[in-house]
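Look at the two complexes coming up: chain A is in both, with chain B in one and chain C in the other.
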Partner chain A sequence: MQTTQAVAIAQRQTRARFGIDKVFLILVLIYLTVPLISTLVFGFTGSHGIDFSTLGQIFSDKDFAQTLSLSLELALASTLLSVALITPTIYWVQLRLPGVRPLLDILSLIPFAAPAIVMAFGLVEVYSGSNMLINVLSLGLVPLLSNPPFNIVNTPPLLVCAYVVIALPFVYRSIDASLRSINTRVLTEASYSLGCGWWRTFLTVILPNIWPGIISAALLTFSTVMGEFTLSSLFSIYTFPIYLNQTGQEDPHKAASLSILSFILTLICVLAIFLLVRRRPGQQGEIELTAAK
Partner chain B sequence: MQASADKVTAPSAPAKPTSRWSRPWGYTLTSWLGLVPFLLFCLLFEVLPVVVIIQNSLVDSQSGALTLNNYQRVISQTGNLHAFQNSILLSLVTALSGGIFGFLAAYGVYNLRANWMRNFLVSFSSIAANFAGVPLAFAFISTLGVTGFVTVLLHTWLHVDLYNLGFNLYNFWGLALTYTYFQIPLMILVTLPALSGLRPVWREAAANLGASQWTYWRRVALPILFPSIIAAMMLLFANSFGAFATAYALAQGNINLVTILISFAVNGNVSIDPGLGNALSGGMIIVLLLAVSLYSIMLRRISTWQGR
Partner chain C sequence: MAFLELTELTKSFGRVTAVDAVDLSIERGEFLTLLGPSGCGKTTILRMVAGFETPSAGNILLDGDDITTTPASKRAMGMVFQSYALFPHLTAAENIAFGMSIKRLPKERIKQRCAELLELVGLGEKDRSYPHQLSGGQQQRIALARALAIEPRVLLLDEPLSALDAKVRVSLRNEIRHIQQQLKITAIYVTHDQEEALAISDRIAVMSKGRIEQLDQPEEIYNNPRTVFAATFVGTSNRFNALVVAAAEGRCRVEQQELHVPPLTNIRDGASVLVMVRPEEVNVQKEGALPNSGANQIAGTIILRTFLGPFTRFHVHVNDETTLTADVPSQYARELYVAEPVVLSFAADACQVLPTDSSIKEAEKITESEKV
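Now for the complex of A and B:
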């Protein structure tokens, strides 16, 4: 009696695996791919069937290569900076200063309360005006950074810093969640008892265990920066999305092919990062271990 | 502050007495030094811009005197008030649609057996979630615009004219449809970790006790996931409330949203001066603070569930 019931439940669950969630997943995938396919078709069909002439025009435009490489550099710099700045900090706080967590939580929430457009407005006001309150609060760093020789007003370095802030909630959430899903304390203790120092523990024990979280954090930062329009337009820095907007407003077919191009380029970059990460020895087992927790 | 700190660290408290070295390390000066780079970065590029906006929104831009005049102008001018209504409604609608569809899709992804498929969908979602802004607006214009591919396809094959039926990509509902495109994948990305936190043991235990699939969801899984879902929806709300580029590229300023008004202020549009721009930003911060507070309350409840 007991066994047949268990079997029945097991069968029901196996059947549920092909149930409503799969239907919704397929619907969502359709919703997510239809605009991409339509854009592809719209961009590459002229009055006489398939027409790749818009691509040729785009590739021969020197603004295209210039803005694209600038955006790639900004994206790479922001990704590296955010992961390098945030990961050790969260680990450090979990291990040594657990009481500081609320402060970190609040700092990671501020970008929600002040989105890109507000942040851009604020950054322009901070670094282009001279405000006594700000000068004092920043310990004299704002006057240093907003005047020569380190004038960072409306420059790519300031843009990178702003991007790191915009991506902070996602990076923090993702890395914090994966750090909490492993037993940091026990792992560190074990590593210390085997004679490892803090950095070695961090790099060889903690990092491999939270790699999935870092991957998703890096992916989010990277793709955010590649498509970010608000900050660069308010800072008047000529990045790829700005070029896209300018060109696209003139010619809808060019706009479509540029959208597809930007999607494909982000896709390639993201897959490249993904493959690079996956090739690390012993990686597979650790991802599964973390996922199984 | 002290009380909330105790509350957060409480779940890990039972482990503490067993670890010999947790006490002697304490809160020494070197411990704090490890925080300096991050804190300094946040101060310079995150906290100070917000401080400046709040300060400037409370100050008259000409005389420099303290005043609430800027906020008063936000409330008394119907255009500004209407912009807030539009932005809030748009964010609510897209947070709900994105949240529901995104959660169900995330559960579908979570149930996938093939690891490569799940990895593929996660990276696809992370690209799609950030396929916002200008490229997204253009993609939707190419799809559902007046001469868009799907519009034309429906017209020639099924003789359905979307724009005669009252659909319009360039108004509120068109924008909502477009925003949902980045909301769903974001929801998938955010809820997947929470779903992976559901242990198979719980399902097995529930099944052993005779619970049906439905009972398991209603009594075990959903109560555990509830804070994560609400937190994620608040995140979607904030995400769409602050979105600017998509609306700008799609409707060219024809939809009255708070972010569009603020961009007018930054670009020196005559109708909106810096003081009003600061007050609009301040108003955005206030609305978002409500969402963020709910978000962090929910996060705290997650940490009591999954805290170790």
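Now for the complex of A and C:
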């Protein structure tokens, strides 16, 4: 009898909890979707009701395709460069220089602390002047890259370099957390004992096991670069967010439609990445977006 | 020359010397265990042999070749880790095949050898399982197969059973020994578990503070420990700090009690010694029972009785400072209870006498003066 009562109470409690959970879920969904739906409605509403003509205008606009493709290229280049630079570095530090990790932890937070405008002015200052100390500290790279024929000042390559710095916190945190979640040292030693060298161990043992972390890092870098406005504006490079801003000033309906298009594009990228991760065998790993922020 | 030779092998981490000028020779096909408490340097030696640590001094010779500075990936040493270290993204069969594919063996050969090794470790049907789908014991079996797949010159095992439960530990250690003997492979095994070491090894190196205290066969280590550390670390023992009264007659004194030990040759009268008796050598009889044949008799009271299956362990309170342990076959322990006054007895031959540090120095001095 008592057991039956206990079960009934437990069921009631579960039902009550489930009810509260649902309310929170619905509230969060409303919070997230209302701005999107409003933008969507605003974007496709003309003076005489629903109007899809803005879509036609967008697709026929030469700047749309041009800026979108430039932003995609920048995002892709920044993502690849940051992951390719930072992943082996963190692996190396974890393996051989564990004492340096606290320093990397602090360094990786600097881009969060320094506003983009500071970085932009810093970069302009470094690459436009000819400071002897900077020339020496950069091992001759700054004078090489700030003069023809390799000049990168105010060009997309410099923007990519700046984006790599901006992406450092996401990439570092995400990949560091992944590397710490696997037994990096022991897996590496196991691989060495089986005849594998450092690079091959990194590529065939470590990389597949931190794949979810790399995807997270890539995803965050990609989406950050796709929406980055300040640096590209200061470097006078005509990217998609600048196009969006300009369009918004001329025609708010068109800007709203563009925002929706941009959102859909990002959503496709996110879904593609999720599917890519889920399909990998032997892993229960999930994308660790939380690790990055 | 032995198959694997470590000469004056030393490893320091800053000011700490983890391994202190260790000399060790291991024969081909031998199963050698490095036994000692944590921090004694046993794992560091194994890691230096594997190539994961560079020695601060000394050499490692394998089959006559100096491999001290050879990278780990070129040493062909199969390693089994405490944490299994299976590659999580690969199946059991792929893990085993990993080393062979690095060696670029033909695919057919790899497939055949994988199947053989899976059968050898008794996991023929688990070839497609991922590590997270296997139990700890199964993972360690796969790790063993993976290490054997590269046909290692030496198999290195770093506390491979520590993470497993007691039952699996015993069965897997027997399997490891069986496979090692079957394949006649040279193996170095690191453990802090004395029972494991005694059960599995051809020889045991008992280690303390970066040095080898005693290198011997398991029986010798247990029955004739050469140092106080080896005597206290391996097995359970009753220990008495005694003074030698008459060395030639084998008489010592512990407080007011006289102890009969085997005649002592290298120790002088008046030297302080450690007398050690294994619990299984101690008989327990009720007070007032028939006189016991043991040369040494000590009266006491049972304070704890622990039934351990084939034998029962008694903790007997002798005086305020001394509690002795006796293991009695369980069929003779039925009528002995807690709080009962008893007499403990043991033969003189059952006693092992070891000079304590001061008496070692004294013995060295005597030897020196005799030489002069």
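Definition applied: the second predicted complex is superposed on the first by the 243 of 293 C-alpha atoms of A that agree within 3 Å, B and C clash if a C-alpha of one lies under 4 Å from a C-alpha of the other, contacts with A are read in each partner's own complex, and residues count from 1 in each chain.
FYI, a residue touches a chain if its C-beta (ideal position, glycine included) is under 8 Å from a C-beta of that chain, and two chains touch if they have at least 3 such contacts.
Please read these numbers as outputs of a predicted model, since none were measured by experiment.
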Touching partner for A:I50 - first (chain B), second (chain C), both, neither: neither
Chain B versus chain C as contact partner of A:N209, first or second or both or neither: second
First (chain B), second (chain C), both or neither touched by A:V164: first
First, second, both or neither for A:L133, with chain B first and chain C second: first
Touching partner for A:G197 - first (chain B), second (chain C), both, neither: second
If touched residues of chain A are counted for chain B and for chain C, the larger one: B
Which superposed partner A:E189 touches (first chain B, second chain C, both, neither): both
Touching both chain B and chain C, residues of chain A: 183, 189, 192
Touch list for chain A against partner chain C, complex: 182-183, 186-187, 189-197, 200, 205, 208-209, 280-284
Contact set on chain C toward chain A in their complex: 50-52, 71-79, 81, 83, 85-91, 98-99, 102-103, 130-132, 146-147, 150, 156
Touch list for chain B against partner chain A, complex: 1, 4-5, 8-9, 12, 15, 19, 21-22, 25, 27, 31-32, 34-35, 37-38, 40-53, 55-56, 101-102, 104-105, 107-109, 111, 115, 119, 122-124, 126-136, 138-143, 145, 147-150, 180-181, 184-185, 188-190, 193, 196-197, 203, 207-208, 210, 212-213, 235, 238, 241-245, 248-249, 259, 262-263, 265-267, 277-278, 281, 284-285, 288-289, 291-292, 295-296, 299, 303, 306-308
Complex contacts: residues of chain A adjacent to chain B: 5-6, 9-10, 12-13, 16-17, 20-22, 24-29, 31-32, 34-36, 38-39, 41-43, 85-86, 88-89, 92-93, 96-102, 105, 107, 109-126, 131, 133-134, 137-138, 141-142, 145, 158, 161-162, 164-165, 168-169, 173-174, 177-178, 180-181, 183, 185, 189, 192, 216, 219-220, 223-224, 226-230, 233-234, 241, 244-245, 248, 252, 255-256, 258-260, 262-263, 266-267, 270-271, 274, 288, 291, 293
